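Here's a structure for you.
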């Protein structure tokens, strides 16, 4: 009698376990962060044998094809796998990379001597033909075209396997900088053609790390390239784990689940710093955040209205609320610090509601100006909208908040239907001209631009001539004039220069970021 | 010649099932004179309830004609049928499910009147409803009550009052008393008989309880698996049953008397399946007098005695 | 039984067609152009967008695109390529769907064990304190928004107690917290269903027959009552498993689990049409397969139905 | 009534149900006794308390809401109400077994009939599973069902066969007392005749005493030798078959006979008992039948009549006897 | 027979009132203590929604950035959020949105689903098949994905969210109405009114729908809770109601970034959501027992 009963109960449990078992046939725990046993010692700190690093990133990289990368995390990963002809050092000076030496022959011609014996990941040796192939290929791809427009596609010469002559259509001041961008990385011609131009599934580069695997939604893994031409990487493997939920990333670094975490909320900076097993690194980057006024909308066409809105906004409080003092630097001009040609002393629009009301009255409004604030519905933008709404109400401006999700937002902005909108722009090649061109040149309305959609022949003329003047001081003088015009026109409210935040485990060493937000993982190692 | 209120000719009703056609009613003929009661008696699954519903066209017959007061009601369209519905009503077996639990007694009784728009103002409706409650022996204080507050007997009286609402001439009584206790059963049976006499009603009384059938009916039709095996007036069915099934049926009824010799005929086996039945007499499998002819052809209702019909080969 | 399964599978086809039609239309009328989104804020200029649109075939009319989707599916079983990663959609689904299945399996397993036991005990001890407490807890389970519950669990167990990893999906340890988050609401539903169907069965005559035989109360409950109460329970478990298949979107995003739910949400936001259509189709197919399995389990649980399926 | 082979003695049994609408007095001071080999017919209408009484004997009444207020039930000399749960379990099915009314729902639909009978056998005899299944098959043969049908499920059998299975299950352990609660009410009359015939044969063969609960006096006439008429929780008349059928004295018993249609009777006159069953939540003070009794006098209204033995073994509870 | 009150004389026309059936359900509902607790909680919720402006201590939208992220204190019982707004007032005002979303979304689903279910259930045949296949399609797509797709298509906002939640819960109602109608359709009292010559319309409105309401009412109370949850989930993904209107889901969503140092921002909106859903579930259970005639004591 007893046996029947418990046989039945076990049947019930087995059924439930059957369900549970289907749920947990996961691979055995490959928990990677058990500290190693022994390690070689350098000075007082002993290098630990741990050679795999997990990094929590905030979104899915778009592709492994260098020509398709335009968000920072994709650039970071691609720049570990591929190299460019030239590169930046931490102070943004141009240093040789795949090109051992380079010289400018005349206004439009440049000669690059390639390093010898550089091996691609598939064993092929780097040749001049690869360089020409990469640049031509970049010119056909939608994203990377922007950086090869200046290069004359017919003007390539490869006198021998290790020298390349590149000509630009006309003199181009920022030519060297444009060659350092990861979009113009050098791919291997043979491998790319074999994969029918699909570099994405198996990227072959010359970089310190090789591509290992990419599980969409979960992680991208790269491994050390042992026969790297430069100093081989100390880490054997780097796993980039995709954790989109901001608070989960913070929890993961705090609980030691990952060795590094990127893009952290400013609100948690204080707590992360107090935590002694975490080093919070905050470094300036070539990004500027601003609130763009769409000048093609009639409500914002009048300069006085835009100036009034600048006076009506207590931007310092908003910045403290959104980014805290540690998280961002006050912005005084669209060009971030550390870039040649930045205008250092523009007179700022201080918080002066009375002046704002006068200007609005002058522009013919008395408490009946209605504007919409269109934005991506995340926490920071929502709070910004609510603060602006409150502050502008005091000067009689009714701001309606219109949160959209990313698809609708991009479509709305590309067709220039929005009025006021928060934007973040990048100076990807660290050169003022290229950035200002994208922000204020009349050819850059709608998609890809600064959403200000500003037309000013004087500004166009200044930017176009600067591009071709080789003399640095002249160029900077022109950039400064553009910044003065734009500042007077009050096309935007400068929000901040945002620090890029990286939280590292206390055992991580050799971390040296460069302002274009690319992190070089080949120099990183662990200590006990 | 007494007027035939209802006459049914070659009535058939087949239900479509996965395994084939279920012959619920298979070529049935009978007639009821006005003011009389014909009982359909038989065990479960013999098709008696189906006939009750088909006659009122609550279920559409597969074949055959139904003459009511001379007219074949199967040819009528929906509107004409509504007029005839006033004359024909039905009372059900389960007092619980035949009344809408969300409607009060007053509303249930008044419903047929409302549907047929019998009166113009509320006062006339109320007067008629009270009359009906009196005739069916229901105290007026129950007008506001709900079915779940009444016992079985009273619920059945509401069913009867509802059936009488449009003063019909013909009522189908589908096992009206089998769900009731013996003492209440007697009260309802007396009521039905008295109503028949007062209002000259014609009943089609459906039941499986032979003693109740003997008590109330003028004519009796014994059914087996969709066919009428014996049809005669009440006295001759109970005095000298002819069909072997009727004999077995009558012998099986327990008699509330002691020291009475019981020559009981115990039937073997079970009722066969009504789906795609084999030709020949349906009772052949269980009949003592079964011969080869019984197995091949279907017996037909033939007159054995004045007004006494049997469908069996060895009379 | 085989004939029944084939008939059910054939009946699936119109439903699947319907599902893809509904999703395709919904995606079609949603504003936002995938090419622009793909290029991101700083990326493309006007012609860059046109170039990409051409490549994605966005300019063809509605009928052509839907026809092409169905034709590829039917002829080559190819669900199209994901706009973003250029990988075939089927490969992306193959990477994400097993994780959701594992998670759903574990949480349903958890829910069944807790739910059924809670349900039986509170049915047997009806109106006792245990019954009230158990049902109150079950009710609490359903009332708590699971994304909030997930966050709280993560903070408690990953940071303060450091017992479990906060997110990710590599080992069994990673699955405990998300499974508990999703499992509790399902456990509550299953507990309530078990209790009501057990109460229904305990009222039947054959239970008093079993007691009249002198059978002990436990065996009466477990063998006689539970076996009959099994059918509604199986249905509920089936439905909960189906709901979890695509429904644990928020839990997946909080615990950074590469499940199909999260992939779908990101795909909808990025207007990644092929991934959305492919994903919803697979989820709908899985949901219908689970229903079919539930029906077949019926036959084993209840012999009366077995004859129907011959 | 000789004391020595007294199988069952119920003294002053009172059972109430406390429900939201008030306390239902289902059984009120019931006295009954039965000796071995006897078949007692318990006759009464709905709400008379028949089922409550027998469920009380088997102690199958669900405790809330039912409550056995007072009284003793002696079975084979021992008071069942004092027995522990475990002792009761060994009596149920072994010493006393019970058949319920509706065959359609009294068998477990998801177990084969063979297993259900074997379960009873294995509960009370320590034998192997296989052996108990064989014994179940022989039991089925006894009740007129072919042995191979033991593997069938209840839905594959007809109503009559299912009731035979229930009877087989009840008699499997050869109990001393079989309680049959309206065993054939749900069956068609020809099937009912078959089942009654088979029951009579088995009861004689096993020499089991039976309590037959029914409202059909025809069945009682055929199967029972002693009869108790119950009304509103009390036995109003008790006696042998001859006493009740030939010399019924209590007005309710006479009323019952008057209102039962009988196919052998000549005249068709039915005299119904007026009024309705009393509301169990407020029963009349005196004689329960007072409101419907044609012979009711003054003292009946407020004084409950004592149980008088008007002839040897014939008891009636009425003032005017 | 307990509560029947009518004078004996027959001439007086009875003013019959449909009272005791509703009274019966109400009496049984009140006996169930838990259900009454649920009802009280619901009343508190509705009271807060209607009289928000009187009982809320502060204006829910007015920011004061000086005392941001304050822990619960005497002036701010629930503390302040990331913009210094009083959380208690925002929770009180938030009940307006949640209760209205819950009721209207469920209203849409119940009417639409009930209507389709009624047609499918009563007429059956090919119509029933078509409707049911359509419902299978809607059921096969997980409701949260359906919500997101609809809201992305129509655009976010209170009204679109209600439509989305309504449409995605509609199949449940359709199934319930269909099955209860099919069980009522074959009852004998329907045949009786057919025999009296009643038209289809009369039968549906007088008999079929009133008797099918019980399971629908129970489902309504249950799914008001689910609707509130879906609304909160949509806000959590950023597709919710346009700020600054206070809504529990949105508060939870923006608060989650501050959860580590000031958890109180998420605790109270989360608790409010739980309070609402718990109340609706209690009422749902209470109604199920009260309306189920079989469960009569």
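Lettered A, B, C, D and E in written order, each chain numbered from 1.
Here is the rule we go by: a contact is a pair of C-beta atoms (placed from the backbone, for glycine too) under 8 Å apart; a residue touches a chain by one contact, two chains touch by 3 or more.
Please read all numbers here as calculations on a predicted model, not as lab measurements.
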item: Chain hops separating chain B from chain A, counting only touching neighbours; value: 2
item: Longest centre-to-centre distance from chain B, chain (CA-based); value: A
item: Central subunit by CA centre of mass proxy; value: C
item: Most extensive contact between chains (C-beta pair count); value: A-C
item: Computed distance of Cα centres, chain E from chain B, in Å; value: 48
item: Inter-centroid spacing, chain E versus chain D (mean Cα positions, whole Å); value: 51
item: Distance from chain D to chain B - Cα centre to Cα centre, in angstrom; value: 32
item: Centroid spacing, where centroids are CA-atom means, of chain C and chain E in whole angstrom; value: 23
item: Per-residue overlap in chain E, given as positions that touch at least 2 other chains; value: 2, 152, 155, 256, 259-260
item: Residues within chain B bordering two or more other chains; value: none
item: Of all residues in chain D, the ones touching two or more other chains; value: 123
item: Residues of chain B that touch chain D when the two form their complex; value: 43-44, 151-154, 181-187, 189-190, 208-212, 214-215, 238, 248-258, 260, 262, 264, 266-267, 270-271
item: Parts of chain E lying in touch with chain A, wherever the complex brings them together; value: 61-63, 65, 68, 82-83, 152, 155-156, 238-240, 242-244, 253-254, 256-261
item: In the complex with chain B, residue positions of chain E that touch it; value: 1-2, 4-6, 8, 10, 13-14, 16-21, 24, 187-189, 191-199, 202, 206-207, 210-211, 293, 296
item: Residues of chain D defined as touching chain C within the complex; value: 58, 60, 64, 89-94, 97-98, 100-102, 105-111, 119-120, 123-124, 153, 155, 166, 169
item: Residues of chain A defined as touching chain C within the complex; value: 1, 4-5, 8-9, 12-13, 15-31, 60, 62-63, 70-71, 142-143, 145-146, 198, 200-201, 214-218, 241-245, 247-248, 251-252, 254-257, 405-408, 410-412, 414, 423-426, 428, 438, 444, 446-448
